Structure formats: structure tokens, C-alpha cells
Amino acid sequence: MALYLDGCQCASKQVDDSTNKDPLVHSKDPKHPANIICQLCRLFYSNNWITGTGGGISVKHPLTGHIYIAPSGVQKEQLQPEEMFVMDPKTEDYIRTPEGYKPSACTPLFMSCYRQRNAAAVIHTHSQHAVMCSLFFDKVFEIANIEQIKALPSGQKDPVTGKDINLSFFDTLHIPIIENTAHEEDLTDGLNEALAAYPNATAVIVRRHGMYVWGPTLDKAKVYNEAIDYLLELATKMHQLGIPPACAIGEEKKYVKTY
Amino acid sequence: MALYLDGCQCASKQVDDSTNKDPLVHSKDPKHPANIICQLCRLFYSNNWITGTGGGISVKHPLTGHIYIAPSGVQKEQLQPEEMFVMDPKTEDYIRTPEGYKPSACTPLFMSCYRQRNAAAVIHTHSQHAVMCSLFFDKVFEIANIEQIKALPSGQKDPVTGKDINLSFFDTLHIPIIENTAHEEDLTDGLNEALAAYPNATAVIVRRHGMYVWGPTLDKAKVYNEAIDYLLELATKMHQLGIPPACAIGEEKKYVKTY
Amino acid sequence: MALYLDGCQCASKQVDDSTNKDPLVHSKDPKHPANIICQLCRLFYSNNWITGTGGGISVKHPLTGHIYIAPSGVQKEQLQPEEMFVMDPKTEDYIRTPEGYKPSACTPLFMSCYRQRNAAAVIHTHSQHAVMCSLFFDKVFEIANIEQIKALPSGQKDPVTGKDINLSFFDTLHIPIIENTAHEEDLTDGLNEALAAYPNATAVIVRRHGMYVWGPTLDKAKVYNEAIDYLLELATKMHQLGIPPACAIGEEKKYVKTY
Amino acid sequence: MALYLDGCQCASKQVDDSTNKDPLVHSKDPKHPANIICQLCRLFYSNNWITGTGGGISVKHPLTGHIYIAPSGVQKEQLQPEEMFVMDPKTEDYIRTPEGYKPSACTPLFMSCYRQRNAAAVIHTHSQHAVMCSLFFDKVFEIANIEQIKALPSGQKDPVTGKDINLSFFDTLHIPIIENTAHEEDLTDGLNEALAAYPNATAVIVRRHGMYVWGPTLDKAKVYNEAIDYLLELATKMHQLGIPPACAIGEEKKYVKTY
């Protein structure tokens, strides 16, 4: 896949050499939201999370607070910084609208996460592991007693340091599953209900669709997305062997095939 | 895989430095059909869609209308622009025949898509997901109520704007499955019948073989191919769990194993 | 994986700048056996075919006839041209022995393919698909009526052109499975028996071990290896669904789960 | 994934150009522990072994004996040499503590391997194959009669040369499985017990967590990790087909589905 994307990057470099640069989206800092969104989209594409224009990502600039959003319906792995929408976080008006592009249908959902969870970044994938788990789980995904759970926040904060406390190995991770709707923007009600009902959740699975994951920093949102996807994949494999993903330690032996 | 292909690209660059360039196939524009076909073949190879000389791709030049086709029997991930056949779309005569190469056996099938669907590009893969679905589906592949379906065209056009309308989440995607033949060119009759019987289809699965996908632009053909492959993979996983891929929302719970 | 291997390539470039170059193994031609073996090993490593020093490859120089063989027990994805053994094809003596390395234990098997099949290259992988098929097939692997079979030779030659004729879609591919032995070199007897019993075979599966694939050119050996691995993977998936990989067209529906 | 990581490497190069270099971690030698740890983390990330800050690696400098350890809780695929902790092997005091980082929770486990096994490197992954095998195996993972086993040490040494003797094809590989604990550092007791009970083991699986693998050189630790992961993957596939991974040669046919 590298070469194909190299070709895309060549095209991008030609654009970078133009004299009319927009400081909102053109930066030499690889961590600038307009650059990191493009980089992450290539990574997510190679993971089969956002194939065929599916999925999306939004990042808040850590200094200016501007909200960067990839446009609707483009091939995300070919995304370029100059294709980015930029929104003022207070007025929620676009301060940059790339010509010929439509805003992402995910925008209202991204905004719910920004407003209600004070998120710094929101990732939306069409992960097949999320879709599969939404078929054999009902209202909530549950997995327990797996080390990777410890990468995810419990919702509690340390009373002294104020830092996030993560789940422990012996905890159960709960992720609400909401029903899909005909139009992505109509998911907002379901998402808002889930945010209210699961105040500690850092992700929502959308049945037969994919998932939304957010975090207090972009790095944390990325880590949460990777850890949850790992757990959804593992849960699907456990289900295939007949093991309930949230069963107690040792209980799995009751379900496992013997020879 | 990157390095291996890098090696191939090095060889390609040596060719690019030669003084005898053919403007039909040598261009610095990464979006030129002769370049993009090579790029996409490397991507498709890394996805296991065109391994071992299998599969193929044809692209119509958006300005000249010339039809570019990769030759028969070459390792597609090593393809170079100067190996391309080029055809005049009106006379259907080759205006460029690379020495020592045979035209692709897929050519008559590509031409059916160009003529009958006004396609701008046709992709042919040996996707294992397509082969697997052709084993457990009969005359038509069906999947319903999955978000990724929305990346695919319904065949309807907006009466005001004239733009393609895609399927909705609640629709069922139908892809006809035709029987394979001893010689690839003999697939043309089956393909033509499927094109007539399924006027809205943007793809045909060939049983125990792979699939053909086309679109009104190269970008759309690529997106359709990715979205369909994602859905074929998901359908195979659903089948493995005993869930009919086209079942109604909620009905999957009837089929799912309980502990 | 790309970056990790990039690091290796950097190390290689330093070696290339040294003044004491051995023309047997140092060439700027990416198709030189010493270079292409290194390139292919990186590709095969990324396919999980030669992980952890497993597997190997040997290529005959198309002009000199010298036989190039990667050494024993090295990490194949980090292989460098100067680590190559080179053998005179007539005397079967090494004309180059890299200091500190042992010849590959696969050497006697490579030599059987060179001698008895006039091979130009031999590929040995630890493909998990080959190991799996060796567990549920007995003396011979069989698959039928799959398009990818057409990439493989029938053993017949066109009486007019003298060119190899490949299998047709309606044919059955047979690959003999031999028993593994404690020492790789002891496989030679089993391989020689299989070569005699299956004069048209271009590959042999070694039970619980992997496979050997060869061809009249390096390109053909590579294509055969890819096509066979694709078919072994597909056969494993068919077996998981209860479908015999060599069943007649349409017969698969008898075995497929209905809802 | 290549491009995303390329972006990271660009950032790294900027750091390398700074004038304040710390010779403990800045070296042009790609084999220097601080460089090879970063390279291997990118490889392991692309293998899904250390996703979402999980996993870790420690390497002893072959000349100075200094122990290099990646810090806690960082995204391992973005690791930079200047983020490394460095420990004096005799005093076990840190001689380099990167500002703002916490030592890895794996450190006591790495130290057990260094002390009790004279390891030169220790790799810790969250491999899903290790987690899956820990669900259907009880106190010890066992697999037998698979060629890849020969990449692993038997614990015996050649009485003449003093070199490690590897397992033979007809041997059974045993890897102890220890119970997971709430805190990674509390695994030390279980690891020490396993090291004592299985004096020939070069790895320990941690139930519902992942595994630790070590070796007398970094290259050997890497090869052992790859070979074991290959065998864990294969064992999971065998289990799915109902075949006990340690069954005798030929016995698998008793368990295999017939049509």
C-alpha cells in the first residue's frame, strides 16, 4: 500500500509548493491538525477502518481551539490539508470552507462529543469488528478481564492529581450500542442519549455501522480507538469459540471445546 | 511489501530517464491513466486481489477518451506505464501495442462495461471474499442494513441535479452472480445478460473466479470496489456465524449462538 | 513494516559504498539474483511465509547459470547480497562461501528441483495455509474449478510453439504432500519420489512444515507460489464451511449451511 | 501504515539535527539499542502486537551492558531514541531518565529475565494469538511436530561447541502460562516461579494478557518471538478445526471433519 500512497503524497507536495498558502491548514508541523488528520486517515485506511470514503475524523487545534473536519465523501487515504473544513468552536460557524466540498455528515456527532465530553478529537470508523460485535451483542458491548482494557478510562479521576484513572484488569468494559438511522446526522439523538446514560463511556458503537471514539487529547483518542478495536476483534474470536467475552476468569474453560 | 515494490519502482525510474518517451503513456501527472493503473495495481496486489498475474484494470483517459488496459499475464504489482495497451474508443482499434505483450483476456468484458454502462473505469479482482460468497449464494449476492451499502449507487438519479443517488441504509444491495467459463472472453455473454437483467448493478460476481466493478469515474469505480469487497468480507463473517447477510434488523439475534 | 525494513536497507547501502566489491553478488541491476533474493525475502517475510529465519529461496543466474542460495539460519528479511552462497551448476561446488555462514539445509532440495525439473528458481515457505491443508488432506492436495488454477502449469506443452500450457478452469490441481523428516536435507528422498510420481507438479507440500515451489523462470516460480498459496488459503476457508475444495461446480450447495 | 510512520520519522529527524545530543541514546548505528528499539516497535505495531501503548521491549547494549527500556504509556510506534530509559546493569540504577516519562511497569519482569536467564533482550507483546491460546490451554501451552518448532531452543547445549541446541521436529514445545495480576509489576512472582519450574523455557504466556519472550541475543529474542507467535496462531487455527495442537503425526485425521 505504501507506493500507492506515495503517489498521493507526491501530488500533495506539488500543492505545498504553491505560493498561495492558507495558514489555517498549511503547516510544516507534522502534529498540526490539518497534517495529522491526513496521516491518520492513511493509517486508518490501511487498517480497513475507513475504506471507500467511509468513516471520518475531527481534531481540535490545541492552541487556537479551531475544529478541523475532513469533508464528506472523499477517499480519506488521499486527503490533503487544503481540503479541510475549519470551524470556530464558539460560534460553530465555518471559518474555512474548501470550494466544491460538502461538510461531513458526521459533523453533528463530532460536535456532541466536543460539547458534552470536552473532547479534543473524535474518530469515526466502519470497523468490521464493531459491526460484528453489534450483531451478537444487544444494547451494550461487554468484555472483562483482558489486559488491554487497562488502556481505557474508567471515568474516575485521581482526587489528588486530577488525572484520569483507567480501568483495571478485573473491570468490565461497557460500550453502549445505539441503533443506526437512515441519515448519519440523525444519529445525534441516539448518541446524546448514550452519552447521558453512560457518562464514563469514551466510545459508542453504532449497530451495523461502526463506532465513534473520542478523548481529552488526540493521542488519547487514537489510543482508545486502537484498544477498543483490539478488544472488539478479540471478543469476536471468543464468540466464535463459544466463550462469552465478559465471563469470569477460569469460566471460559466451561465453554471451550475438548478433544 | 513496500521495499520490494520500491525495487520495482527504481527500475521504472530508469526507464523514465530514457529519451524516447511515448506521450501516450509517459506523463508526470500521477493521475494519468498509465500511472494510476500502475499505482492501483500495487495497492490491489497488497490487498491480495490480484496475486499471481490474476485480475486487471482498465481506465479511460478523462480528456482524450483513450482506453488504457494492462496487458495479459504480467505481474501486476510490477507493471510499468510503457507496458500499457491503448485503444481508440470509437474504432476500438489499438493505437498502442507494447511489443512482446498480449492484450488482456478481460478486454471484451471491459468493453461491455464501457459500451453498455458508459463506464470510465473497470476493475477486475480475484477477491477471495467474492469467491467465497459465490459458493454460499446462488444467483445473486444480497446484503441489507449495513452502513457501508450507502457508498453504492441505487441506479436512480436526482431529478433536479441529475446526480447519482446512492442506496440507503435500509436498502438491500443486489449483485448478480454469473457462471464462470473456460476462457475469460467467453464471460461476455453472461456479463451482458447480467447487465441487462440488473440495470442498476455496478458490479458482477463471477462464480469461483472474482468480480468486475465499474463506475462513471475512476474514483467512483475504486470506491465501489472497496465498499463491495468490505461487504463481501462482512457477509462471509456473518455466514460463518449463521446469520443471513440480508436479514432484517434485529432478526440476526434469532441466529446467533447463545451461551 | 516498511520503516523497520528501511532501517535494514540503510545498513545495506553502507555496505554498497565499500570499495571491495565482489562482482558475483554486487550489482546495480535490481533483477540480479543477489538483489532479487533480498527483495523477495522482504516480501515473503511481510506475507508471514518466512518468519523467524524459516524458509528460503534459490535463484539461478539467467546468463552465467550460477546458483544463488541464501544462507542458513539468518533473518531473511534482513538479508544482504554479500551474505549469499554461490554454486557452480556443473561441479556443484561453492564458488563463493560467505565467511561465518552455513549453507542452507534446503540446498539438497533446491538441487533436486534444478536437476530433475530444470528449474530456474526454487521458493521454500513455511506458509500456514500449506501447513493447515497438510492436516486435513492426506497424500495429495486437490482443488478444482477455481479461476486462479489457470495460473498453474498443466505439464503439457503446445506442440507448435513449445510453450507451457496451463491448467484450465475445469481441471483439478494436484499437489503431492510428503512427510516431514527430522532434518531438512532428509526430505530429499520424499521430494524425489514425489517428483517422479507427479511429473507435472510444480510444487510439493511438506506435512506440518510448508512447501517447495519451482518454475522455469524466477518470475514463473514467484507467480506459481502466489497462486498456490491463494488456493491453499481458499481451500482452508472452504473446508471451514464444510465444502470439499475439489467438489464439482454446484455441488458446494449440498454442503453449505442454510438458515 | 508506512506513510503515517514516515511522518513520525520526519519528526525524529528534526530531533536528530539538534546540537545537544546525548551519546547514550543518539547513534548513527541502526543496530544501537536506542535505534533498534524504535525500529522494532514500529514493526511490532504493524503486527498488532503492541497497539494502543500496550507491550514493550528492552535491550541490553552488547558492549556497555547498559539496559535500554522504552517508557510507560507512550505510543510505541512513535517512539524516539531520546525517550529511552537507560539503566546500569550492576547497580540497577537509572543512568538516564527522560524528563516527563515514567519507567515501564514491565521493568521488574525485564529484570527477572536479565538476572535469571542472562537475557540480552526481552520482548513483551499483547499478541491476540497468545491471549486466545491462554483461553483454551490451562497451565501450559503445547504444540508438537511442526517444523517451526525447530527455531526454538531446547535448553540443551552442544557439549563440544557449547552452542544452543534447538528443539527437533518430533519434540513438543512447552510454554508455561501464568495468571495475570492487577498490576504488571505483580507478575514478577508468577514469572519467577515459571522460570524456576521451566528452566528451558524462553517465553512465558500471561493469561488474558500477552507474552514475554527473551533470548541470549536481541536477534535470537526477535526470532523466538516470531516463531512462537507463528505457532500460537497455528495452534488457534488447529483448535478451531478441532485438532489438538500437540497431537501425534497422523492423529489429526481422527479429529478432522469429513464430507
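We just call them A, B, C and D in the order they show up, numbering each chain from 1.
Here is the rule we go by: contacts are C-beta pairs under 8 Å (C-beta built on N, C-alpha and C of every residue); 3 or more make two chains touch, one makes a residue touch a chain.
Predicted model, so just to flag it, every value in this text is computed and none were measured.
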item: Farthest chain (mean CA position) relative to chain C; value: A
item: Rigid-body rotation angle, chain C and chain B, from Cα fit (steps of 5°); value: 90
item: Copy pair chain A, chain D: interface residue numbering same or different (half cut); value: different
item: Chain C and chain D: spacing of chain centres that average the CA atoms, whole Å; value: 29
item: For chain B paired with chain D, centre-to-centre distance based on mean C-alpha positions, whole Å; value: 41
item: Numbers and ranges of chain A residues touching at least 2 other chains; value: 1-2, 240
item: Pairwise touch network: line, ring, star, complete, or other; value: ring
item: Complete list of chain pairs which touch one another; value: A-B, A-D, B-C, C-D
item: Chain A to chain B touching residues, read off their complex; value: 1-4, 7-8, 10-11, 48, 51-54, 75, 126, 128, 131-132, 135-136, 138, 179-182, 206-210, 239-240, 242, 244, 247, 255
item: Footprint of chain A on chain B - complex, ascending; value: 1-2, 5-6, 9, 30-31, 35-36, 39-40, 42-43, 46-47, 145-148, 151, 168-170, 219, 222-227, 229-230, 233-234, 237-238, 240-241, 243, 249, 252-253, 256-257, 259
